[in-house]
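You will see subunit A twice below: alongside subunit B first, and alongside subunit C after that.
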Partner chain A sequence: MDTQSYLPVEPGVGMEENFLSLDDILLSHERLPIRTECRFPRLGYLERSTDAQDIPEGTKMELPLWLSKGLYEKKRRVLSVELPKVYREGWRTVFNADPNVVDLHKMGPYYYGLGSQMLHFDSPENPEIAQTLLQTFVGRFRRNMDSSQNAYNEDTSALVERLDCLEKALFASGQSGLNGFQSWEKGRASQLTASSLVLNYRKRKMADGPP
Partner chain B sequence: MFCEKAVELIRELHRMTDGQLPAFNEDGLRQVLQEMEALYEQNQADVNEAKAEGRAELIPSIKLRHCCLLRNQRCLTAYLYDRLLRMRALRWEYGSVLPANVRFHMCAEEVQWFSQYKKSLASFMRSLGGGEGLDLTQDMKPPKSLYIEVRCLKDHGEFEIDDGTVILLKKNSQHFLPRWKCEQLIRQGVLEHVVS
Partner chain C sequence: MDPSEVEFLAEKEMVKIIPNFSLDKIYLIGGDLGPFNPGLPVDVPVWLALNLKQRQKCRIVPPAWMDVEKLEEMRELERKEDTFSPVPSPYYMELTKVLLNHASDNIPKADEIRTLVKDIWDTRIAKLRLSADSFISQLEAHAKLDNLTLMEINTIRAFLLDSLNCMYKLRSNLQPGSSKKQFTDY
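Then we have the complex of A and B:
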């Protein structure tokens, strides 16, 4: 196995985010439908549908997750967050019926991540949401693990395109383990190889070389 | 919406999944810092007004701007930290001398950090093995033999081995050389390890 020297900060587990993780920052950029429960003076320009100077109470708009989390207070004096469609009753029944059929990449590439973050907003449906997230993961895991451990030297785009980001990362690490094992079997494990980082730099240098 | 530029910086890094270091986006960084300054000044003005005239209804807006400031701070810190991780990987993959095209992508402070890291690593490696030193960047895969067969992938000029003999590394020439001398060049893609 090619030893990895670049070890980025991993995304957080469950309801926690890792401050420095690039994945968590992109995840928390996703937008949520919210309703303001108080007035926001002098910020009217953020809400483009009106020309008002302030954002009045009761406005329905979309805010990114990071802002919703930052402003949310338990007593609901500031804003209330609506559940995105994928985590509501309707879709939850679909997931509970057969998790393997769903295209999780289309349902928002961060299905598990965003779902875990939604639990911060004290919805009465939290236990059901948490349960569905877990069951969906468990239901899909077997097929994902199987395909990542058996697809050797082939085009995996059809297998990967319906996975969400967490599943894609697991798939990639499964593939890396498989490739390592196969090269060991062929006796290539002791062969010194050029670093993949160096090779990629060279490819890029050639790509943007002299016109 | 605020903090879009900051997220753009993050996306720039996130796109390079293999650990390559893109050019230092000085412009982007400056824009984010300017946005932070504007938010801070607006908040200062609002806080003073809220305290002086007792206008508590300004507080939600102050809070919102504060969240934006924290978000920008998070994005910038993560951007700089991830770049450090990539530079650290470069030391282990490339060795202590970086090619010019990589060095151009680093800002002055990052070049300084890199040379400090090299020094720390070197003094750590020297302190191992009871003062004798141990090169941790060697033998990344368990060695099977002292000497290995290598083929040259491109012209690299003359190469001196421990007993004084000079070998000319010309493209496609094959040599039987000590493993510890070649490892660095193989990792850099100059030589190729031939396994029979």
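Then we have the complex of A and C:
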């Protein structure tokens, strides 16, 4: 059995992020196009395109998700968020037509995570966005399951490169199930093998070598 | 759960052996194991049978279902039906592997049996994937599958549970009212 040295905190897939999850922290760095609804005095240096002292009302800029979520308020005093391209009408029809052909890694490696976070921003299209996310996941499920459960001892990079981060985690768990079963069937499960932790530690020590 | 753990559970199944030694009845916590007389068949758990076989103290009699014709029939039945057909033993995969590895000299046509069992396994796993896919694509909440063995469930368990978790969270996005209260304004 392949035990890891630590169990990573998994990302919260829905509207709540897990505070300690590395995937969610990386996700919150994604930039969103926003439009300011009020003046930001003396923050002109954040917006590189103009040399003004402060950011006037109505500027379009890009802020990361963590900042946009913190500044967003229902009364819309501070900023309003526009949907990124991938969640708009045009791409939504593409996803509804055939989710399997899309390269989700290119569409932002955190398609599902960012989509769920966008639902915080009260866009009128929220129900459709949520529905598209769910339908895309369901549509791609079959292919992900087949590829993760059948690719044994092969180079899976061609299969994995079109997957979003969430799907990559699912792929890895499918592969571990498959590898466990195959190694049991070959009889390797009852042989003593060096733990991966020990092997890595040994390699690192040899790389240090004599100073 | 590990495949090795499933194999451990499978070793509780009883199998017939023919010992070549004699021993009185032994009283174990799990139950009594009958007196051993050379040449007379006796039922023992698989773990004991393997141990005795490795010490060359017995001969293992293959279970009734481990027979080429019976397995061929089972394979045809499995291929015809859309649902899972009743399985020869709830641990057929493990018993096949363990008995064929250690006692293949006592089992006639061991290679054919191995191939047949693998065919049955592949058919059942394909049906399992198909039903998992239809379960997810129709967004159902309950599914009932009869005649599944622990080993089959074990191979798909991690992937299916993780996917169902993700699907649940994505579905909860559709009801915005329930999760709004967790988003606090500072």
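Operating definition for what follows: the second predicted complex is superposed on the first by the 200 of 211 C-alpha atoms of A that agree within 3 Å, B and C clash if a C-alpha of one lies under 4 Å from a C-alpha of the other, contacts with A are read in each partner's own complex, and residues count from 1 in each chain.
Keep this in mind: a residue touches a chain if its C-beta (ideal position, glycine included) is under 8 Å from a C-beta of that chain, and two chains touch if they have at least 3 such contacts.
Since the structure is predicted, the reported quantities are computational estimates derived from the model, not experimental observations.
A.B. asks: One more residue to check, A:Val94. First (subunit B), second (subunit C), both or neither?
C.D. replies: neither
A.B. asks: Is A:Ala189 in contact with subunit B, with subunit C, with both, or with neither (first, second, both, neither)?
C.D. replies: both
A.B. asks: Taking the superposition as given, does A:Val9 touch the first partner, subunit B, the second, subunit C, both, or neither?
C.D. replies: It touches subunit B, and subunit C stays clear.
A.B. asks: Does subunit B (first) or subunit C (second) touch A:Leu134, or do both, or does neither?
C.D. replies: Second partner only.
A.B. asks: Under the stated touch criterion, which partner chain does A:His120 make contact with: subunit B (first), subunit C (second), both, or neither?
C.D. replies: Only subunit C; A:His120 stays clear of subunit B.
A.B. asks: Have a look at where A:Ala169 lands relative to subunit B and subunit C in the superposition and call it first, second, both or neither.
C.D. replies: In the superposition, A:Ala169 touches subunit C alone.
A.B. asks: Contact-wise, after the overlay, does A:Phe181 reach subunit B, subunit C, both or neither (first, second, both, neither)?
C.D. replies: A:Phe181 contacts subunit C only, not subunit B.
A.B. asks: Could you tell me if A:Ser148 is touching subunit B, subunit C, both of them or neither one (first, second, both, neither)?
C.D. replies: Only subunit C is touched by A:Ser148; subunit B is not.
A.B. asks: For A:Met61, decide between first (touching subunit B), second (touching subunit C), both and neither.
C.D. replies: Neither partner.
A.B. asks: Identify the residues of subunit A that lie in both the subunit B contact region and the subunit C contact region.
C.D. replies: 70, 187, 189-190
A.B. asks: For subunit C, which residues count as touching subunit A in their complex?
C.D. replies: Residues 2-4, 7, 97, 101, 129, 132-133, 136-137, 139, 151, 154-159, 162-163, 165-167, 169-174, 176, 179, 182-183, 185-186 of subunit C touch subunit A in their complex.
A.B. asks: If we count contacts the way the header does, which residues on subunit B are in touch with subunit A in the complex?
C.D. replies: Contacts found on subunit B: 1, 3, 7, 10-11, 13-14, 18-20, 42, 46, 57-58, 60-61, 63-64, 66-68, 70-71, 74-75, 77-78, 81-82, 85-86, 88-90, 92-94, 99, 101-102, 140-144, 148, 182-183, 186-189, 192-193, 195.
A.B. asks: Considering the complex alone, what residue numbers of subunit A touch subunit B?
C.D. replies: Its residues touching subunit B are 3-9, 19-23, 25-26, 29, 38-43, 46, 63-64, 66-67, 70-71, 78, 187-202, 204-205.
A.B. asks: Can you list the residues on subunit A that touch subunit C in the complex?
C.D. replies: Residues 1, 12-16, 70, 73, 112, 116, 119-120, 126-127, 130-131, 133-134, 137-139, 141-142, 145-146, 148-149, 166, 169-170, 173-174, 176-178, 180-181, 183-185, 187, 189-190.
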